[in-house]
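Two complexes come next, and they have one chain in common, chain A, joined by chain B in the first and chain C in the second.
For the complex of A and B:
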């Protein structure tokens, strides 16, 4: 059984690697020629890693953050670190696994015809970009929240 | 599994994703402004955030199952339209949540 600190580390690592996987999906989709195998692996990896990050982060958030960390931040010099960054982070994150699963499903179903169905490829690329954008915001928010506790 | 059935499931999944993202956005904003909704999420799921996560997952899964069970349009053009709708709902959801929490954190005095 993992300790709460190990759970937090797992949450951060799976989230970060998940964003890297989503970035790989985005870069592959942006290219005129892409590796379908890499696209399939990275899209599934992103979806699975976000689900693990969701479960581990959720466990830590409910058990420790709300009870021990949140009161410290709200009483400190940077209460907005919770009221803006934590609140926005925890809710925007909920979009990531959903969209990553859909992107993976589209890659598996239309992967071999993506170059001939331009509109599907364009919209899937936009979705992958939005996941990377949310992932970047969530990562930066995590750094700000951690810094505001000290 | 036949390609047509796979396309139906994926189309259902995308439709479920649209509902899921809209649901999280609405539950978050309305829940913060109307406390009985947030309280209901807390009482039912032990934490409002868990409630939003469970309901968003249920919407996604039901969309996929619905796509497989019922005769949802399985054409590629439908997938294209649904993906565009998903992108729009996602962009609206991101902007709405960022603006809402910016307002709550920096502009409103509780």
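For the complex of A and C:
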């Protein structure tokens, strides 16, 4: 069984590597040629890692953050770190596993024809970009929230 | 753990800075005849791969530091201006790579951003008591991007002419 510290580390690492995997998907889709194998691996990795990050983050929130960390932030110098960034982070994050699963499904179902059907490629690229964008915001929010615990 | 983070962060930065430098050296050398042949293209691809590997190591070890600060009661370090300036520059580097990949970035400016960002990350990371705030650092960085882009073009023009 993981300790709470290990859970937090796992939450951060899986989320971070997930964003890197989504960025790999995006970079592949942006190029004129792409490796379908790399696209499949990175899109599935992103979806799986976001689900793990979601579960570990949720567990940490319920057991430690809500009970011990949140009161400290709200009583400290940076209460907005919780009222804005934690709230935005936990709600925006919900899009990430769902959209990442859609991207992975498109890659597996239409990967062979992605280069010839431009509309599908454009939409998938847009979805991958959306995941990277939200992922970046969520990551930066995590740093802001962590820094406000004093 | 802290020593491991420092070593991996240094290794990642060294790989990135070295690859970014040699990518530019190779491009300037390869463009003397006006074309990049397949062998030269292979060398450049290797440099870009090394740059990506450097970025991944730097990125992961950088977040390792942030986690270390959080878990060891050093949270105040997470609000340092130089940390946020460095993160802004890394984001600029990543966005630049995506724009270059999609053909939406001017190649000359893209090269200037890439080279300056790697050196800026190296300098900011190794400058212990940096006396500048976030705005000053980013302003300096933007000015250096302009200077580096201009200088790279001057060097390329000079070498191609001779």
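As a convention for this text, the second predicted complex is superposed on the first by the 150 of 150 C-alpha atoms of A that agree within 3 Å, B and C clash if a C-alpha of one lies under 4 Å from a C-alpha of the other, contacts with A are read in each partner's own complex, and residues count from 1 in each chain.
Here is the rule we go by: a contact is a pair of C-beta atoms (placed from the backbone, for glycine too) under 8 Å apart; a residue touches a chain by one contact, two chains touch by 3 or more.
As the structure is a prediction and not an experimental result, all values here were calculated from the model.
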Query raised in the report: Is this a clash or a fit when chain B and chain C both end up on chain A?
Result: fit
Query raised in the report: Is A:101 touching the first partner chain B, the second partner chain C, both, or neither of them?
Result: first
Requested in this report: Once the structures are superposed on A, label A:9 by its partner contacts, choosing first (chain B), second (chain C), both or neither.
Outcome: second
Query raised in the report: What is the contact status of A:84 with respect to chain B (first) and chain C (second): first, second, both, or neither?
Result: first
Query - In the superposition, chain B vs chain C on chain A residues touched - result: B
Report task. Once the two structures sit on chain A together, report how near the CA atoms of chain B get to those of chain C, whole Å. Result -> 19
Query raised in the report: What is the shared patch of chain A, the residues that chain B and chain C both contact?
Result: none
Report task. Would you mind writing out the residues of chain C in touch with chain A in their complex? Result -> 56, 59-60, 63, 66-67, 69-71, 75-79, 87, 91, 94, 97-98, 101-102
Report task. Quick one: which bits of chain B touch chain A in the complex? Just the residue numbers, please. Result -> 6-7, 9-10, 13-14, 17, 20-21, 24, 28, 46-47, 49-50, 52-53, 56, 60, 76, 79-80, 83-84, 86-87, 90-91, 93-94, 97-98, 101-102, 104-106
Query raised in the report: Of all residues in chain A, which touch chain B in the complex?
Result: 54, 58, 61-62, 66, 80, 83-84, 87-88, 90-92, 94-95, 98-99, 101-102, 105-106, 109-110, 117, 119-120, 123-124, 126-127, 130, 133-134
Query - Touching residues (chain side chain A, partner chain C) in the complex - result: 5, 8-9, 12-13, 16-17, 20, 23, 26-27, 30-31, 136, 140, 143-144, 146-150
